[in-house]
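Sharing a structure with you now.
By written order: A, B, C and D. Residues from 1 in each chain.
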């Protein structure tokens, strides 16, 4: 992507930004996140369909923040993560330059939140069909089958917290699992600790998750944990008509309400 | 049943609780099993893992002197889950104790020397052990000077013992509080420990200095000691890294090639200078 | 399983359901003794983590109840709670937990009889379901 | 050392026999796209045709959650119920790669450094290791650079090497190995004619293990060597948890003050909480400090203090890392640094 490299070089040259967060060549044909600070290095930027990591996670990392004002190479889910972070007052207007790339490979430089919103409204949210299929398959199971399925999957978890660390929405300085007075959820990776942890994770990013799938990609044990967050996102979309990461001014789905929200489950 | 589970603590009964300062308490602990108590021995500088069952373990030094057999004491400030749980206990309650772990103050090598103790805040407890050890074997040492500072008068721990030391003819005690921390009737010094140390300027001749305190105090005290002529081998301190196992396995207290739990907690300034700044 | 007596934990708001349950008592309406009531200032305060704790500690069923919509002492606590309940309930369902074990309701301060009926129905439902062994078995599992 | 042939038909029979004798067998099993160690019901479940499992079988020696003791308490005092190590199941780990088998020596060193860790040792004693030589490798493998190798017998009780015919050369290395073989001696036939070496993966050494001790200590202050490699680190513990050597742990109490258990759980130096003091002070404040600690500990400190390396070159951390942090790349960078 010649255009991307040029854009990045210009931004750095003109001192618009101090760092460009993008993808570069990694090992074994994998791309990796790179942090370009010298315009001369802009040529190291790459972009292809393998560039899936949600780079928005780096925007709030202390070590990266220290580098200065960033520009970030962003696919649609990354742009949505940024909007959601802005909605949660984690990213200020004008603090980041977005080098957005549409699914068909078109590069757009975005500098304002308004333009960011325009970008996502013309590039609507997309959920991988295979994820929706899996979701449906699990929903069709009996309660018992579902329980066994998840117990099987979640009991393997060893709590490396790659799901949490890779998620742009998990930016809390202190995660609930680290709050130990009282200890809400056990940090041990036994069955109870794992089941509770994954329920908690899903609930805490419900209505905020943009379904980038990064948590499942990051999971070294291939546990399909993104299905949990996808499930809550779908519920929120269907019941409350809200989708995270579409508007920086939109209220968080679980801290707002409508008087006529459905309540057939309440007796 | 394994006879030697490394992580199985002794059961200890709380014999006495002393309120030292706001949020700071001292427990006197006796072995629930007398035989275990008789076999137990430790030396000045060592630490242990104290546990409230159901809450977890916590690392403190043994604050009492090995010269006073039959019990151990620990002093802690309420800060986290375990220390808060400890603070809620009463005399007669049972806690766990694993230890003693770690190295020691080489008090045997200090025979015939002057001792200069410098402590700040909640760091007097690790030193109290060696102070009493020295005072109980007073004839082995020449001048004993204790410089102790805390944020406020209320924050000074071991107030009774400070009075006791002040009355001892062969101990020179200087207490100080940070500016603003004094009370109207405060008779001690006012100022930070390094500044007061510079002011009293104790001689470095034939003297070892033992320094315990928060990292910031240590950082500013070393240069003053150096100025006073102390050699790096004559300055001792303790490191207080976070620990879990206490026996060199869990990895937490690893600083450079050292494990604070096994190679420390007592280090000379010579060693400290070699360490990476990860303490 | 005629001998099985379910343990039910009820998380209720102070202003409506707790008062309602009080009325059940003062009206001398008899109802199943299987319920342990925990009083909260408002249903908006009832975090899902509390419900998880109840299950982990051995509850066979949970009742969560507060003021009817528009009657919240704090105006909107119950509306907020309703959304979270919906999402939480659906997530538990997705993970294979029988949602009959988690009963949400509105019971006002005047509805003493309704409270009795709610508890009785829930107890009967849970009695049919049996003890919540699946969740209880999580405790201790996976520890070598 | 005895050398035998174990035919491809006899291998499942052998494992079956070990199971019948009351051993729990842990072997590589396929889940989705990945292969990982788990307890198997039958030898048919064992995966083949893979380079490396996601995790090593470290958890058999050092479980991710392990009870240290349990306790009950009432008004009259506390009663500690010591861990019953008798109940630890006798286990056979099948299919351990030579790198993983070599890693057991490093675990041994950590858990027996002055203080003997009985929990670890009791498990260790009850585990028989049937290693499996590597016929294939990938770019993440670098065992040979650290002095190990794809057919290294160190650590295994029996090492199997697959031959062209699909049968296995069985090297009976230890007494434990001999005892395992003696469970079904009739299944082991005369030594094969075929040479072992030509059936091993060709993994070129990229540096010498001696260089590590020479170069690492001096690299400590070279921020350029650590920062660039760790800037993309997201701070998870995947690298440590898949590592066959990483043995850092946490101790946690669960239950109530009247009735509970004390657990030992895996922990990782990459977590910011690992060293965080209650006061808020953190000796290793930034992620690059923590990444540096990981490498220094493996390549410098462990070697100096325990006489073993903290890395066996299995390449797992590089494969598992969600941010493509590659240990080999970083090590080479340090060794080649001017």
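FYI, contacts are C-beta pairs under 8 Å (C-beta built on N, C-alpha and C of every residue); 3 or more make two chains touch, one makes a residue touch a chain.
Because the structure is predicted, anything quoted here is derived from the model rather than measured.
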item	value
Contact-richer chain pair [A-B vs B-D]	B-D
Distance from the mean Cα position of subunit D to that of subunit C, given in whole angstrom	46
Whole-Å separation of chain centres (CA-atom averages), subunit B against subunit D	39
Distance from subunit D to subunit A - Cα centre to Cα centre, in angstrom	32
For subunit C, residues that touch 2 or more chains besides their own	142-143
Junction residues of subunit A, two or more chains touched	183, 188-190, 193
Set of subunit D residues in contact with two or more other chains	65, 250, 252, 254, 263
Set of all touching chain pairs, with the criterion as stated earlier	A-B, A-C, A-D, B-D, C-D
Subunit A-facing residues of subunit D, complex	31-34, 36, 54-55, 64-65, 138-140, 230-232, 234-238, 240-242, 250, 252, 254, 263, 265-266, 268, 271, 273, 286-288, 318, 320, 322-324, 326, 329
Interfacial residue positions of subunit B with respect to subunit D in the complex	1-2, 4-9, 11, 32, 51-57, 79-80, 83, 85, 94, 96, 215, 240-242, 244-245, 247-252, 254-257, 259, 262, 276-279
Contacting residues of subunit C [partner subunit D, same complex]	142-144
For the subunit C and subunit A complex, residues of the former touching the latter	48-49, 52-53, 56, 69-70, 76, 79-80, 82-99, 103-106, 118, 134, 137-143
Subunit A-facing residues of subunit B, complex	80-81, 84
